[in-house]
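Encoded as structure tokens, the structure appears first; notes follow it.
Order of writing sets the labels: A, B, C and D. Residues in every chain begin at 1.
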């Protein structure tokens, strides 16, 4: 008899949601996509062609989908504003949850999800930080864990998007939580991974500027930002994020240890082709993060399915997802207020919030 | 109702065979692996764990497998010596065929397969040259087709394996057809692709030496070989193959045109990690061709399934598989005899065989 | 009759001093090294072999050397603590001055040199920031000036030295001015170059840690530091400096503009050799900054000679040397105090010094 | 008293000649350029401005220049057709000789120079193969000599020029000796260096085509050529040369040994700048060989001066210059005739010349 497959439902079929749905449908052998929800008629149209014929039942109501018999898990790829509520509802129906990052742009709301998850330790609840599932990052982490660079001390990481002149990101800034929460949260998550989840911030600084999207000012956001987080253990992480790149996605990480260094994706590349012309020798660059991380999302789906089916630990504790958003929020606060934020060794903030 | 999936059987579950089987089982959404054959009890053992539970029926007899009801296609990954026979039998049962390269190390036997295929134009018969399905090669081909390098004139291509000190390749040389047939056949296939299937050789030279595997001498083979093929249209391809690399797999191609150049995989890499140590800055290299071409094999399976289901053209004519082996054989002959081989403009050989 | 050569004297024959002397002796066709001063008998010994036979008169007294007939210029490569005094004395003798960076680790002392220089506008007085003379930086600057990246907005620059376990840098920290003054001053100078000498800091943050040289604590210095300088024009520069690199010198700069980006030395390399071994593919890295910038120092000597002989402008105003040290000092202060520093649009500091 | 400098005269002030003259004038501390000859009034005009003021006496007659008192050496950078005659005359005047490559395109004429040199073993006579003086090649050679790649077995080397649409190279082909003699001779010289001067060819093949310069046909030359030389010791060298590159100079060498591999200049670069634009990430490439090898020519001048003054061995025996031209001629013959050439173990050719 065939081994049981994880019966999973997809919530949200937009930009990322439909990718999660297709990954669970086609590229996750141990899972079976059995249901999908979207509030959007256009997304239903797409789903009727690409999901329904393969046995996926479609819903316009999330709660209704959760009632479907035999469900084991939900993958949540809806708008960030409903992530938390949907995740909590799913847990209350005793379902495993894979939620697109972030759980919420609000630290408090994130914490509610974590509280709910803690009540049900038998459930697998994961906030998907895709870089954790990327071959290159996993290889780098293995080398660090193996001691190849001594004690990791400095982490430089950046999330740099290709410039999108459509104005989308100005609107988006209204509710994105700001660039450090929206973009650098990936780099912060990497910091927790490479330095250890238990690290405690000691002080935080940040600066930013608006170079190409003047409209961001109304949302107190910027399109270029640099931040530094110093930790009590003697480590420092520093981040750069931008939405202004001419060439494409450039997500780079360097981890510098007392005895060596590792870099990941220092020179981004779309493939292994070089073009020789009178301009010189050129390598093309992925235009978007999915071009860089597609296979990491596939691995995430597979690892999540395996953890649910085999009851094995997830690669990252759900608390991390809160911690990453929390540090992102502090960076954003430091950026807006122009003041460093300080913490004692227990992680308690030393001054009153600057805002 | 769910769209019909290609019902496919896998012949051979060895080194490449089991990868084809798993790819069709898990990573080819439009295909369903329903049967598998192997003459080897150990491979059956593996299959009972990894295939049978998922509805794949196992056979120790190839002919018996072909009788299974509802089969549409066979993927052949057995030993080269039986490729042709199995392919012909499958066609005679009206099945589509995806056959690992080469059809045979004998040009005559290759031709029999092609003859058989020509009788059944409704069948999709493909000899899998995996590089045709590789993202980077496809990207490069698109640029050439787009005229970005002018008229492609020179092609340099190499197939270089990591040194295997086990002695396997000495034994293997007894029936591999020689390094040009076994290894460079990939580079020759790329030549047919980038220069056009219709190109006609004008002259061929080759040289080789034995550097690390003295036992090859008994099979008139070498472990390092360089060959040149000049074509009547004014193009030249030159090849290098070796089994002596210390660092891993290094399959490089350069296509030089009258107005530009492209390279593929000029500096092989295992991933996007760089390691900084007192030795310098290092990138690791895939140890084997599957590390380089894994996703190409997955794409091959998907494209083959689509061509069968949609009755669309395959990316390469089956005749190419003969032509590539033929050119490889001539290179091998030139290597062994130390004489150039010449052809007239129709492709007719000008001298009697040297051997 | 042969064109007149710049008659130059070298002060200091230590680590950098002897390189300046040899560059003016051998690799600066329009200059003639005619005198050299060192207080150190060992350096005299070296000079008797390498300088004296070629017509260079040696002195143990700096003032005495300045009296030598026919002198046009002095190149100062002594200890930082005497740079300013020697530069001023030379100007008072009506000599052009090329002074190793920095003029002084004290901003006030730097200013005295500048004051003295302003009194004698006919003299060429330059503080040698070698990167300004590096081919790659000059090429990058040309592209920026040419508008190829739009408006330069973000500058990331790092000065990273190979780890020196000898303890030298602990002692050195007593009088180096701190890592931002000693190391990042180069990156700050690049910032003034690429963003424009007139840019005004708006706010400054810095963080640092001690990872491998515990003795630095006694000098309130660190071995790893990250700092950010935000400018009123909407630009941001951020810096990393370390003395902990396992692999060698890694001085990298990236300039990100509204329409493109440039990087300089993103992957340092000793030469054009790649080594393929079972570890992967490796490029070696220069161990020290002179391995990276040797030819820049030669160009500096030649450009200085030309400016003196032809009375043409120097590539950088001497005021920059003060401004760079000033910004470095602020970064060091921000590092030590854990507080951001703010400035108004005229460059006036908004709070009282934190110290 | 100042150490004696090598008193050297420059013959020829054209493309390469004037560079040699300037290098000896300005960048060779142990040499003094004291005379220069050119038959060309335009070159005299240039010399009156750039050489004469610095004490260099100008001549329109080569023989007359050789009479100048105190001369030690001559650097010959005239047209290839007079290299040999001028070298022999210089030797007969007891002068050391540094001659641009090749001594001659005729093997017999080359041999006359060598005969003359052998009669005067106290003279330093060198044919300048500049790559021998390049940092990267020297570094690679050191690693090979050190055993880092085991026994060097395969050498791939190419000399690839940027396309010059002026028609110059068609005219030039009338007397250049053909592409293998003119271009690949550098790669052949590297082969002699890395495999050992004593290696004996076993067989030679070559193929070529005309892609962009149809006029070459009248001189039996081509603009793209590939050749293979197999040696009796079990090594193989293969070469590619072209004058068709869109991007610039691309002179690459790979040396593959039984235990590792080295590459030199695998990805050519003009400097350390990368340009990020919507095309991707680009590195510029030197347009000409002097952009790649400038510093090698400077080192050549310095090493030659040192060998003459100190009576130390030259880095390469003058016989090599003949051997390299000889192998180049055989490759050219194999190209034109379409036949392999074979040799016995003593190096004796086995068949009558094909021509």
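Annotations
Going forward, contacts are C-beta pairs under 8 Å (C-beta built on N, C-alpha and C of every residue); 3 or more make two chains touch, one makes a residue touch a chain.
Because the structure is predicted, anything quoted here is derived from the model rather than measured.
Considering every other chain in turn, the ones in contact with both chain A and chain D prove to be B, C.
A count of contacting C-beta pairs for C-D and for B-D identifies B-D as the more extensively joined pair. Of all chains, B has its CA centroid at the greatest distance from the CA centroid of chain C.
Chain B and chain D, compared by their mean Cα positions, are separated by 41 Å. Shared contact sites, meaning residues of chain C that touch two or more other chains, fall at 149, 245-247, 260-261, 266-267, 270, 274-277, 284.
Of all residues in chain C, only 149, 151, 153-154, 156, 203, 205-212, 224, 226, 228, 230, 234-236, 238, 240, 242, 244-247, 256, 258-261, 266-267, 338-340, 342 touch chain A in the complex they form. The touching residues of chain B, when paired with chain A in their complex, are 1-3, 25-27, 29, 53-55, 135-136, 139-140, 143, 148-149, 260-266, 270-277, 284.
Interface of chain B with chain C (complex): residues 245-248, 250, 267-270, 274-285.
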